[in-house]
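Next come the structures, one after another.
Next come two complexes, and both contain subunit A; in the first it sits with subunit B, in the second with subunit C.
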Partner chain A sequence: MDSIGQGFWDAWGLIISLDPDLYEIIFLSLQVTVSAVIIASVIGLPMGAWLAVNRFWSRRYVIAVLNALMGLPPVVVGLFVYMLLSRAGPLGGFGLLFSPSAMIIAQVIIITPLIASISHQTIRDLWAEYHDLLISMNATRTQRITALLWDGKRALLTATLAGFGRAIGEVGAIMIVGGNIEHATRVLTTAIALETGKGNFAFAMGLGLVLIVLAVIINLLIHIIGKTERASTW
Partner chain B sequence: MKLFWKTLIVATVLATASHAESLRMAVTTSFYNSGLSEILLPEIRADIGLDVELIVVGTGQALALGKSGDVDAILVHARAAEEAFLAAGYGTHRREIMYNDFVFVGPDDDPANLGRAETAVQALQSIARAGVVFVSRGDDSGTNKKEQSLWVEAGIEPEGVWYRAAGAGMGATLNVASGMNAYTVSDRASWLNFGNKGELVLLFAGDPALFNQYAYIPVSPTRWPHVKSDLAMQLENWLASDRAKELINGYTLNGEPLFTFNATQ
Partner chain C sequence: MVSILPLEMKAATASMRGKKLVGPVNFTLETKGFTIVVGPNGAGKTTFLRLMHGLQRCAGGQMNWAVPADEAQQKQAFVFQSPIMMRRSVVDSLAYPLRLRGVGKAEARTQARECAARFGIGPLLESWAPMLSGGEKQKLSLARALIIKPEVLFLDEPCANIDGRATREIETLLKTAQAAGTRIVMSTHDMGQARRLGEDIVFMLKGMVHEHSPAEMFFSTPLTAEAKAFTNGDIVE
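Up next, the complex of A and B:
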């Protein structure tokens, strides 16, 4: 077995030589995960806020289910989406299986509960603080949710980044619904699984390093754009 | 949500339109791991302008993908299962393309004395007798089915702590065998291409019972009208052509030929 160092070196060689295959899978990884995070945030953030400001009898059950769904095994989600999108399944007519769209759908299902749940916790605390103010201003339900989401935006970034983290490192679901097709649905995680299967451990580790560096860059960029985590602000 | 679905559908339609001539084929991990597909696919594209998208899975899953119409054709290696697939009307016909063989690999010091076995059945019997660890694919793949049929022939019910079913693809199973320094059965191509051999070596091969035939089956357009049967036919003609024969027979790894072309032309 070649050394871990050798794998990193090989991966680094591919990065600096601008290897088109490597950049293709990096780009697809980002395309799939970023799309999934955006869609899941659009669904999950307001859902979390809505749950925080509304009181209804089944609320605690809904929240318990949401929290439990954070632990949804990706393979099960993959299988579910596969059966949904398969030609033999209910949505088979769209022919979406083995496409990036199928991978995005699976990731949205995996990360929406996570984003909604963290968003709910954050907004609930903020709601306790803002409750009297917003009620006295006679704000409508939509206005309350909007105000809370806006003022909690930095904390909500954590929810989104947690979703990003889970999605970019996910392999079980996208392997099933994407099929790991070269030049079509191969992403970093499925490529790592493939190289491991070939016994090319060092190269697989190298790709893993690329994945981690990519995640760090994305997180840093978001902090820079959002002007958070700077030395001068708390 | 409506907008989301619309965007999805539009994006998919655009994505499909950009490479119109593409065909999805489910292939077995053993075929893919051999590296032959990396030689054949660019040639197929150059010769007939067809983009073959491979879904690499075990034979069991490949047949399941064919049954549900999710691929246009399959290339697998488990005759009995293929015939059942055809009998149930999921495929149009079966065309034999090429073969290679299965090999027994195991630890260098060979505690079960496989080097002395004369047949594959004897090899399994000596592994069971010695009680040394044997890693099985355990995933209903073509390789797994072959191994199971050999155990039946050997009159042994493989059970006990020495028999480990990995439930994984060929590469992952070889990784397990390498990690445990255990015996396993692999197709020759995956073995030669495997990068983490550790102390494993090839110990037994050459019994005709270890013959491994690959066959191509187009998915039936009667059952699934959306399958690209014209393209599947074009691919079949190419796979059985002299060009394919030359490439398949000429493919070597470490100087060893891996596959023998045997399509009837």
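Up next, the complex of A and C:
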């Protein structure tokens, strides 16, 4: 009990004293995850919209695969990316293994299906609502997708935040492909795992607090966006 | 400017998954007039309007505008029975059809403001369209349909879900639009409204155009027993 209280106060100390090691880790975490979220959104949002407004024979299979990918254990994604990027792997020549790029790739694979799937549901519902109007107004295919993405922007923002939440808290895949190397690929989650193992609770807790704060902020944002959705003015 | 009218339909049908919903219909939409489509529930009024507008595919027979179909499509608008509100403000909803046609943002908003004023929704410009009352939504739908100055306007029971006052306002707006040269085709289940607005009446029954006559004739001396019963307010199936 006492060690928890002590760890908490020590963690506070590290945070408010702007401990450079702590902030380096926080900064890398944000850098990796924000990059992954941007890439995954650029792929996933239009992909979901496209799946929602186009009918083609394999559509159901693509959606089924997407949903299956959403349930992929991150550790397996990590293993997969590891094999791709390792010296002997097909992409080994780029020398990306144990770099932030490798972690971004793994996170993109983990959250793109999530973002595409939420985007697909959102756009599908909005398309059902708008269908007759947009057809009646002669909107081109591109104009339709643009209108749906724009008018669904709140729900889509929620999708990207959900992706952020999933990616920032992910540990398995990141550990495998990043290697948790100090000053290079050590991020919040991998550092917590390591410091806890070493019995260095203050540092682990400081990192944990930051993760919790990030999670709370994200869920608050999702909640606020949901409220403006219902009583909207923007 | 070349008119898209008349619209000629020869044995045109509309079907859904192999089941015929409307037709075969022989019908000409003439260049002048105010056409009212009446008939009991399920007679095919909505499907008929959607067929003419191109929202429902013509499954059999022929349907020809005076100009190629894609050109004709550009000069029509449709007002739905339950208004489809985009998740935008009133002014942005009104500007949208103009933006689709390549009008610049500032110009589209200016026109939207003028249009809103004409349709009595000027004070609601910045309101969120899905939050409007039923009558306001339908006025916005009408304004949004007319802002592109269509040659033909279809309306599917636009007053079915709104109160008397909003209905009167819509009727006045429709007469103004007609005076400005818009060809109107509207379905209704309100016989009073059919009498007030109709110049020619299409009476539908069981997916067929049962009768098409000038309004005075339809209401005074209907051609068929079913039309007579319908105008008398009897139940027709």
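Keep this in mind: the second predicted complex is superposed on the first by the 205 of 234 C-alpha atoms of A that agree within 3 Å, B and C clash if a C-alpha of one lies under 4 Å from a C-alpha of the other, contacts with A are read in each partner's own complex, and residues count from 1 in each chain.
As a working rule, a contact is a pair of C-beta atoms (placed from the backbone, for glycine too) under 8 Å apart; a residue touches a chain by one contact, two chains touch by 3 or more.
What you see is a predicted model, and the numbers here were worked out from it, not measured in a lab.
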Subunit C versus subunit B on the shared subunit A, clash or fit after superposition: fit
Touching partner for A:39 - first (subunit B), second (subunit C), both, neither: first
First, second, both or neither for A:169, with subunit B first and subunit C second: neither
Contacts of A:94 with subunit B and subunit C, given as first, second, both or neither: first
Partner chain(s) touched by A:181 [first = subunit B, second = subunit C, both, neither]: first
Touching partner for A:198 - first (subunit B), second (subunit C), both, neither: first
Contacts of A:129 with subunit B and subunit C, given as first, second, both or neither: second
Superposition-derived comparison: subunit B or subunit C, residues of subunit A touched: B
After fitting on chain A: smallest Cα gap, subunit B-subunit C, Å: 29
Intersection of the subunit A residues that touch subunit B with those that touch subunit C: none
In the complex, subunit B residues that touch subunit A: 4, 8-9, 11-12, 15-16, 24, 29, 33, 53-56, 67-70, 169-172, 174-175, 178, 193-198, 224, 226
Interface residues, subunit C side, partner subunit A - complex: 53, 55, 73-74, 76-78, 80, 84, 86-88, 96-97, 100, 128, 130-131
Subunit A - residues contacting subunit B, complex: 1, 39, 86-89, 92, 94-101, 104-105, 179-182, 184, 194, 196-201
Of subunit A, residues touching subunit C in the complex: 126, 129-130, 132-133, 135-139, 143, 147, 151-152, 231-233
